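Shared chain: chain A. Partners: chain B in the first complex, chain C in the second.
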Partner chain A sequence: MRCIIRKKTVKRMAEFLMCVIMPLILSGCWDRIEVNDLAIVVATGLDKTEEGEIELSVQIVNPKSMGSKSEGGQGGGKQNTVEKTTGKTIFDARSKLQEKVSRKLFWGHNHIIFIGKKLAEEGIRKHLDFFSRHPFTRLRASVFMTNEKPDELLKIEPDLERSSAEVAKDLAMLKVGLSVTAKDLLDMLSGEKRGAALPMIQIEREPPNTEGLKIYGAAIFNNGKMTDQLDDKEVRGLLWIRDEIDTASVTINPEEGEELISFHIFDATSKLIPSIENGNWKIKIEIVSEDDIVENETKLDMMNPKIIEKLKEQLEKQIVERVKLALEIVQKEMKVDVLGFEEAFHRHYPDEWRKANWEEVFPEIEVEVVSEVKIRRPGRSTAPQGVPENEVIGN
Partner chain B sequence: MMNEMGKETEGFTSKIKLRKSKKSQKKAVKSLQSPQEQELLSQSLEDNENKFRSIYKDCSDVVIRSFYIGGKDNAILIYIEGLSNTQEVDDSVLSPLMESSGEGNDQVKSLINKKIPVTSVKEVKTVAECISEISSGNPVIVADNQKTGLAVGLAQYEKRSIDEPQAETVVRGPREGFVEALSVNNSMLRRRIRSPKLKLKSMKAGKYTETKIVIAYLEGVADPTLIEEITNRVSKIDVDGIMDSGVLEEFIEDDPYSPFPQFLETERPDVVTANLLEGRAAILVDGSPFSIIAPITIYSLLQASEDYYSRFLIGTAIRWLRYVFLLVSLLLPSLYVAILTFHQEMIPTTLMITVAAAREQIPFPALVEVLMMEIAFEALREAGIRLPKQVGSAVSIVGALIIGEAAVSAGIVSAPMVIVVAITGVASFTIPRYSASITFRMLRFPMIFLAGTLGLLGVMLGIILIIVHLASLRSFGVPYLSPMAPMKFNEIKDVLVRAPWWKMNTRPHFTGEYNKSRQADNQRPQPSNGGDE
Partner chain C sequence: MIEKGRISTGQMVILLYPTVIATAILLVPGITGKFAGNDMWLSPIWASLAGCITILIMAQLHNRFPRQTIIQYSEEIIGKIPGKLIGFIILFFFFHSNGLVLREYGEFVVGNFLPTTPLVVVIGSMIFVSGLAVRGGIEVMARSAQVFVPIVLFLFILIVILLIPDLEPANLLPFFEKGLIPSLKGAIVPTTWFLQLFAITFILPVLKKKEGGMKWGMITVFLIMVTLVLSNLFTMLLFGKLTPTFTYPIMEAARYISIADFIQHLESIVMAIWVSGTFIKISVFYYVIAVGTAQLLNLQDYRPIVFPIGGLLAVMGLWTAPNLQQIQHFLITTMPFYAVIVQIILPLLLLIAAVIFKKNTKKIN
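And now, the complex of A and B:
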């Protein structure tokens, strides 16, 4: 009797287990992809052809070239492959690209998007949708504008890094210039009236026979279309206003002579304080930075508080000048808000902001730049080095 | 009967899940005794002798020796070779009896008092009693015209000397381990807990083996309902034999289908002592150096005795290391498979490219690769245990060579995979209890399958299933995940950390409820009366 019951239970359990396990095994592996069936895309280039089609170029890592030691001499060969096609949309181009590539194109590791000049001028907004919609792309990919052909950039074989994608990624991480991810860009463009700024990148051909990439300046987008470009110096000012300065160096020329003093800014914050008084739109930019002295060509004694005070003033002036230079161009000439002013007003004066015609208001905003510098350390040496004690000024 | 018991001690009883009384409850160990054995000893020696000779027919190790007490009364001595100290039998039993002046008609009692200089002498009345004494190694004397026989406590047999436990080694801490002989194990416990509150309740199980089982507990600390329940479950066992505590375990555990051990097996008397002091009970089985402790939680399985002997900060750190590697041993291969076959975007690009490069020439999918390597590793581990010691080193060399080196250079498995399997293998050995570590090692195979079919979703599903099962599991009424679920904040002192001894003032919640206070408060070492002055 007992035995019969057991058998029944066991049978029922076995049936249940089959019901659970079979669907797993039957359906489970359908979207399985082995790593060696993937073409890992690390950088994408976008441009437009003369005929108005999207030109998509991708940099694919060639894992074979990194072969482990045990494979002997089989390794080597090109580390990256660059493929290029055109299509009506990005995805259309991608489908055509897949016809040429034996492995499944995988965008999950795409860190870099290069945008060509022609595409930038004609408008990037509609093409960015692919990068926010396709599940495999990363929103954290860094976006760059380039005046050259994007696929040329992808083809570069840099000296230090494995690929140009890595160079661009590391440059973006160093924050020497603007650093904009796909998500940032979408954010910037989604504001109704706001402009956007993208770092620009170009091929560095110096010294000859080697190739590299270099970040310089920024491209300014108005309504998703590139309108202007800033040079390096102006971009620095832009970074100060946008509170994106990570580390910087500032060199000043103290009154006494031709010798220079360099400062390393290790911490800088800036604040935008908007105000509307009697219909006058005003904004105050407060910049606080902390500096170390890292190089002193002069004979000034860096331990003398009076001298330090003077240097401080000069430094503050220098920073204000840098900021004003950028302001002049961006606000007065280009009239595109890539400075974050709109957001500041939107937050503090939402009603006024809604009523105002931002494109008219923006160039008229009165800007006050306040800079506060704190000189923290004179560096490893106190008195100027290699100078006889009696020649040191301020000792 | 059990319901009555439940009423007696209210409150706590509800926590212990009592086994439903079945119809079979009434019958104790089914006896193999023939009617002949139930009889009392008869007056006539001849009858008795014939009886014993027929019972012990073809038992070449049983010796039946006849002699005269004081030169006139006929008597026989029955013992089993190798179970009794024959030297002592000669000196303190045979010679005084044979040489006695023979006042005649000595009653058994006076014989005990006058003639036999042995500490333990017992009267035996039935044949069955005689047999049980003889099997335990005590020689039995039956004399003519006497209704009772004498069992002389001269049992002595060969046993292994006390040794360092093989499966639970420590750097710091006692190095003696249980042996197969129950009496030795009992003595080891008694040496550690001298109070008469240490009870060693003796029972028997096994029709043929009649294995002695001892339930050890501390009276006044362990809940009586727990002891009652253990006794009940053990007494219900009706089998041919109990070879090891592992066999007993399967008959008395709460969830026989669970892969998780519901008893803590240990060879160490100090571990048993510590658990008895926390209100648990230990079951010792004759013939097995492994005692089993109940009730336990999953955290008991992750606590090594050394945690409590080393400094508490170190103990805590090591405990955390063990928790981390427990997860590693369960999840690492499945995570590797899941990420490599479904979620390639989840690992850093450089790592991804490195792995892709290593996998470039590999003919198998990641799932097959992991399974191959894991199974090979398990086979090596198993072979390492089973093979004779002399061959063992050969296996490890071949294993290391084939798995580590040749398989990679032949391009059959990738190097990262070898690393994964190696780390997993090492990780599972950080779990101090073999029974728990093997559970997690085996559970990782279903996890690998889930990962290979459903990706990270499958891994999550597996984890959820395991946690659901663990949460429903009980060991003698104690929730397996307690004190984390149900949460008892107070108890974390011995789970997430190893609190200093002077902080652990109460016994664990579920087992120590009966007698909560473990020690006096405020025992932190500090200067008396404000310091040195």
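And now, the complex of A and C:
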């Protein structure tokens, strides 16, 4: 009897001990990191020094100022701190950076990568590996090229957002220009001879005494090295070809006068249709967009189907012109395929593509641009506003 | 019979499904992508044929020896000594495979989440938990699978759905750029995973109903195939030609998810899928080794040897390869031959011998 009781108590004790020991095993003590021991990196800047070393700058969230915005800005001070150092590789620089940052650098929330001009010109490919290999970095990080010093961009204190990292991230999400993540960039670079395009970003000090960022144009990379830059207008054409137009505005001048009409494009798709006929490489760019009228300076009646038909034609021509402008520069002058032509041919004509020398073929490809515009709605007003009825044209 | 518990055919499916899936979505998509390029989603379909063959052979053998496992009937078919030898080979294979599985699991957890935790702790704690499940018997394992597998499935489907906005359907083109050969080559490594359904030989004898074992086995093959096709397809559509450049493509895919700036950083979900899935997988293999060893040595009970085997397994996991590169190399070069010999050719020879010598279980039972 006593023996049984003892057995039972021993079993009980063993069970109890298990319960106590289990949580110790489950907690994963080795990798326990308290949040207040972390320096959370939200943006990274990469550039090269004159000596050829990597210049790494990081924007770290300042935990002391977190939430101070709602408390009327008392205490805290700066929202972010920017640190900078150089090293042989990114990780080497990171180790040196750690020597002066009191908390453990944590890359898990890095959403932005700014690439400086010197690094871009010398080649970006080898430095991207870090962002796809280190266990905590993210492939979703948006990548930008800048003509300024990356750490200057990081130091910006924007008015609307908490940090320049957030401004850049939101601009990328709005898709006002190109929007390229580290994954997209790696994908572009891993094409055989394909070029890559990155959005460019710069500091905006307009109006005076404010600081902000602005997406402007795009950097064109050939074999991983920056060779050219496009301005904003040319980038628009590029976006049309790459089917990356999300929303856009188009303004036309219908009567050769001073009065203009603006359209809001709320849906746009473009297709690349490659074909090879008798050894002639052709590509057809088919663009379909749906537009609303949002601003009418003229005296034209926006409800008249005949007028709308005319506007539609002008709009189509305008879009074709934009696309052709980009084509002229990218295809004929720069001769770098950032348009996705190679992919289109690879997918539909894999055998011919493999035999061809793409660098020779690309500038010679015959391009046909077809644009179809659907004007859907006149907006909230019908006839032009503030115009006496007898002056309205087409009423 | 050493095992007293009985499970239903549905429970069998739920045990075998993670036994293949859990690690098949770790390293395998990267390896498949390397060989098959953008036809990689086809490879699991070819590979599933191997799963069907295994199930077919095991079911045929099972019909002849309904209450025995391969360890036992191999003795009856070809005599005591050769039978024991075959049993030993099979058990050693499982022992080695389970060591590899443990190591893959450990490398995954340490490499991605717990970089400073020693590998031995990760592997050791997993083997300890699995050991408890194995000691509990097949019924306990089946029930824990019933708890975990629905969660695993739900999380997997969640990831698949959340990935949809980032997919690029054109990545699929061109189909069969270099013919069917690349996708067949890519099927070689997943084949070894489908062959792991060989473990069904230890589950068929403990089914409540004798019928339906083969049918449900085939259903398991189908479910696994669908899951692998989906996971390969989605990583392919997301990463295109980048897919083979990642160690764990599905992990990268889950990390890439970001919806409305809010649903992001989902790698912990992948971790949850793998930890609970691998738990079932390791337990099933562990169970096979423990029960098989007990049968090989004619023991009355397998429970006393569970933890000693666990210790050996942990050591196997640590010693099986010096690093992840070696594991991957082994999985690509040696494992296909190794697995086909042990899990298809050996049982097939046994089946042929059984047919020729007209061996069946003696009617006494």
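Just so it is clear, the second predicted complex is superposed on the first by the 362 of 395 C-alpha atoms of A that agree within 3 Å, B and C clash if a C-alpha of one lies under 4 Å from a C-alpha of the other, contacts with A are read in each partner's own complex, and residues count from 1 in each chain.
The definition used in the following text is that a contact is a pair of C-beta atoms (placed from the backbone, for glycine too) under 8 Å apart; a residue touches a chain by one contact, two chains touch by 3 or more.
On a predicted model such as this, the values are computed, not experimentally measured, just so you know.
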| item | value |
| --- | --- |
| Touching partner for A:Ile40 - first (chain B), second (chain C), both, neither | first |
| First, second, both or neither for A:Arg138, with chain B first and chain C second | both |
| Partner chain in contact with A:Trp240 - chain B first, chain C second, else both or neither | neither |
| Partner chain in contact with A:Met173 - chain B first, chain C second, else both or neither | second |
| Which of chain B and chain C A:Arg347 touches, first, second, both or neither | second |
| Which superposed partner A:Asp31 touches (first chain B, second chain C, both, neither) | both |
| Touching partner for A:Asp187 - first (chain B), second (chain C), both, neither | second |
| Partner chain(s) touched by A:Gly108 [first = chain B, second = chain C, both, neither] | both |
| Interface residues of chain A shared between complexes with chain B and chain C | 25, 28, 31, 108, 138 |
| For the chain A and chain B complex, residues of the former touching the latter | 24-25, 28-29, 31-36, 38, 40, 42, 61, 63-64, 66-68, 70-71, 106, 108-109, 111, 136, 138 |
| Chain A contact footprint on chain C (complex, rising order) | 111-118, 121, 125, 170, 173-174, 177, 239-242, 245-246, 252, 255-256, 258, 261, 264-265 |
| In the complex with chain A, residue positions of chain B that touch it | 340-342, 344-345, 349, 352-362, 365-366, 408-409, 411, 415, 449-450, 452-454, 458 |
| In the complex with chain C, residue positions of chain A that touch it | 25-26, 28, 30-31, 108, 132, 135, 138-140, 173, 183, 186-187, 190-191, 343, 346-348, 350 |
